[in-house]
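The structure follows.
We just call them A, B, C and D in the order they show up, numbering each chain from 1.
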Amino acid sequence: MGDDTSIVQSARVSYGKGTKQVSTDKGLIKYLMRHWHSTPFEMCEIKYHIKLPIFIARQWIRHRTANVNEYSARYSILDKEFYLPENNNLAAQSTSNRQGRGDVLEGEQAKEVLELLKHDAERTYANYEKMLNQRYDGSTIDENKKGLARELARMNLTLNTYTQWYWKTDLLNLMNFLRLRADSHAQYEIRVYADIMLNTLKRWVPITFDAFMDYRVGGTEVSAKGKIIIQKLVKGEKVDIEKSGLSKREWNELMVALDLKDKLI
Amino acid sequence: MGDDTSIVQSARVSYGKGTKQVSTDKGLIKYLMRHWHSTPFEMCEIKYHIKLPIFIARQWIRHRTANVNEYSARYSILDKEFYLPENNNLAAQSTSNRQGRGDVLEGEQAKEVLELLKHDAERTYANYEKMLNQRYDGSTIDENKKGLARELARMNLTLNTYTQWYWKTDLLNLMNFLRLRADSHAQYEIRVYADIMLNTLKRWVPITFDAFMDYRVGGTEVSAKGKIIIQKLVKGEKVDIEKSGLSKREWNELMVALDLKDKLI
Amino acid sequence: MGDDTSIVQSARVSYGKGTKQVSTDKGLIKYLMRHWHSTPFEMCEIKYHIKLPIFIARQWIRHRTANVNEYSARYSILDKEFYLPENNNLAAQSTSNRQGRGDVLEGEQAKEVLELLKHDAERTYANYEKMLNQRYDGSTIDENKKGLARELARMNLTLNTYTQWYWKTDLLNLMNFLRLRADSHAQYEIRVYADIMLNTLKRWVPITFDAFMDYRVGGTEVSAKGKIIIQKLVKGEKVDIEKSGLSKREWNELMVALDLKDKLI
Amino acid sequence: MGDDTSIVQSARVSYGKGTKQVSTDKGLIKYLMRHWHSTPFEMCEIKYHIKLPIFIARQWIRHRTANVNEYSARYSILDKEFYLPENNNLAAQSTSNRQGRGDVLEGEQAKEVLELLKHDAERTYANYEKMLNQRYDGSTIDENKKGLARELARMNLTLNTYTQWYWKTDLLNLMNFLRLRADSHAQYEIRVYADIMLNTLKRWVPITFDAFMDYRVGGTEVSAKGKIIIQKLVKGEKVDIEKSGLSKREWNELMVALDLKDKLI
């Protein structure tokens, strides 16, 4: 629903006769993005049909300003489908970042992990069917038994089981989602969805997409203390980190954000 | 965005393979409405472009789950347009209901009220232009003077001045809006908008419209105590109001809701 | 934050000088509840610290108007704790209601189900530790190996694993939650939480609790068509179900709601 | 409800055992603010009782994630109280910024504006009472007449009439409000409220306040293109504005944000 034109249209109703001076739609959208105007972007709406593993669905649902209809495992039997990482995504726990990944696991250990994941998913699913006394295709296993209630049996499934939903949101909240989930700090398994959705954004609202990439995805925030450091650096003045008010960690985050890697300490 | 089919589509993703037994779309939508299912109705979205007096805009905006872009009187000069009630809407204050209307004012008094409203709106608007040192058409009044900032001058306008906005919401929240604002207790001046919007609902999602009229607009709630009274009335038992736990007011509200006017006390 | 008094206080700011006639706080709260006034109830806020199985957390989180901070399995290792139903909650799938429960499973089958659940939860947890190369107490299993990233290893856990969160909401949304989740159609495993929370409601805002039980929990909705049927029944007129516009299912739902079980067909 | 400690408490439930390494509450709150974590700040809630002119209330209410109970002019008669700017706030329309203020009006013109505002507010209020056939103190004007319904008479009031409300929100949304409304681009008449509320923030959650001032209020965003310019400036390289991809306006906004005023063009 809507496109770049709808954003411009609704911004112009706010500005009334006052927008004549903004020469182009592109200029107006860039202005709105730069100054964090929010409501014009809410005039566009998009709906996705998504299949995703439950542990990713649990991250995703934290974005509350969206409309969701999910497959109900109280009502129906879940499909026999699990997410299993590919070898090059089988990362070890990062040693420096508590919620990040480090090197890829290799050799025997990788093989073992994949087998454990596959095996446990298959066995818990088989037991799910057994408790239901019903196979996925709807056929009964033992005519002389009742099956456990679906709403109970589902608790035996592992978190990599796939679910699916319709997910609908407005463009502003979609960009909030993408900003977080297409970011390099996001978990790989949600980032692959975000990357594909970025692509839909590009085809849907190309002008907004460009502004979003420039001001949000590619941009950075600088704190009040950080601004003083930048001023000094630009003027060629010496910066005393100890007196800057920034911790070492914060200093390095700023230098990475600005791609000034020779200043890392 | 969306229609009756989208509601059914998203409900069916929830029910998965389980909905085969619900024979028709109509039956499913009625079921969803009757059991207060909410998320399938959120899959439809609608946008209105509305011109409305400021005192009505202030009521309207209390419905928070919507997207709004309003004409900005900080940015532009408001149009010279005011709401003036027609004679048959010039109601006196109700004597029984503190936020309702009573009889229509007549004769001299009606004439006087209309003239006060018209006169004050015109004078405050003329002074608005004077303070701005600018007329609505953009022409300057006195070349030797500056105008007061628009964001300040607007405070002189009366609450019946028209504003305009784009207002976008999902079908669930639209129905919440209509249920309150198309109700006979709503202020007439917002009800006329709600009535027109009910019409758009009917053309947009006819099955949902029918269910909405039956279960929401035409329906009523009955409290636990009210249920006991209905049971007794149906069984032909005598009901002692004093012992019913209902106040006189509550009793009468129930009888009006059920159209049992011979039971009013 | 807040109590019955805060509701009254904020309602009185709306009514201004107009509320003098409502004699008591209790009368005012009952009036607000009966007429679906919402904003005064939003002035109270409550925060719970809750431990709950993941499959229940997934139901719960669908209530979007709440603030949540959940234990992060990207960041930390989840506790070794699973939900296992007690024998008397080990219900079979209902044959009449696709998302309900029927009789309790008994004897050998019950025993088998419980063992499958327990066994699978324990084995997947053990493999979770194995993949992490770390035990829950933080100790390393094999010094020569790296562990799989926590954000990946968690996908092997079953949906009955416990998580925990802080959940904060306002009184209006708490009542919306309780109305759905303390209802007899809610899944038992979430209803036990709702029942305990109903108790906190009673102690926190006793006047609101009474009104909530009378008008919401104990009350029912009657559709436009249903109202006509009640009128006829009260007047002792004959009702022709075929001509009533109600399906058999809807007719029975109405009679159950009004506790007129001799009218069931 | 809540304070700095509640933020830390709920962040720690997310991090579980993983936060031991963050040494202090202050460090943790700064980290959360810097990385735009949102949910821990939602655990604190605040309620204000505010008297404000209607044209400011209309700006304010656009912040949707809040709970509001406003004085109802359908129900009660509004107080005879208007906002009139002080002389030094009587600003002319800015010539460079369509929604800003320029120089202060002086001499005769200032006097004239103030008199128009005062006069119109008083006259429309007097006519409001006349139409109501009731004075603010509740006394009737003419015993032989009915009064116009309050919900209609109010439309004659000017937008500088005072209303009042209870306004409750969580700390995250309060900061979103303050970031916009305590900003130098906000209208003066709402900024005075925001400034006082900033003060309550400081007393309520002092650690969060410091982080908010550093990272949000005092900070700035830099776009992807802006980052490249900063890199070049820091390295002492020449920047060709034409090739930078920034418009003159955007360039100047960046230099102002970084307080590098010698770079303005």
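One rule holds for everything that comes next: contacts are C-beta pairs under 8 Å (C-beta built on N, C-alpha and C of every residue); 3 or more make two chains touch, one makes a residue touch a chain.
Quantities reported herein were computed from a predicted structural model and do not represent experimental measurements.
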- Message: Report the chain whose CA-based centre is farthest from the CA-based centre of subunit B.
- Response: A
- Query: Same or different: do the copies subunit A and subunit B touch each other through matching residue numbers, with over half of them shared?
  - Reply: same
- Note on the structure: Set B-D beside C-D; more C-beta pairs touch across B-D
- Query: subunit B to subunit D: how many Å between their CA centres?
  - Reply: 28
- Distance between the centres, which are taken as Cα means, of subunit D and subunit C, whole angstrom: 37
- Message: Which positions in subunit D are in touch with at least two other chains?
- Response: 15, 18, 39, 62, 68, 72, 75-76, 98-99
- For subunit B, which residues count as touching subunit D in their complex? 53-55, 57-58, 61-62, 64-65, 68, 72-76, 83, 85, 89-94, 98-103, 105, 109, 113, 116-117, 120-121, 123-124, 127, 130-132, 145-152, 154-160, 187
- Touching subunit B in the complex, subunit A uses residues 1-2, 9-11, 13-18, 39-40, 42-43, 45, 47, 49, 67-72, 75-77, 138, 164-166, 168, 170
- Task: Going by the contact rule at the top, pick out the subunit C residues touching subunit B in the complex.
- Result: 15, 18, 21, 27, 30, 34, 39, 62, 98-99, 213-215, 217-227, 230-231, 233-234, 236, 247, 250, 253, 257-260
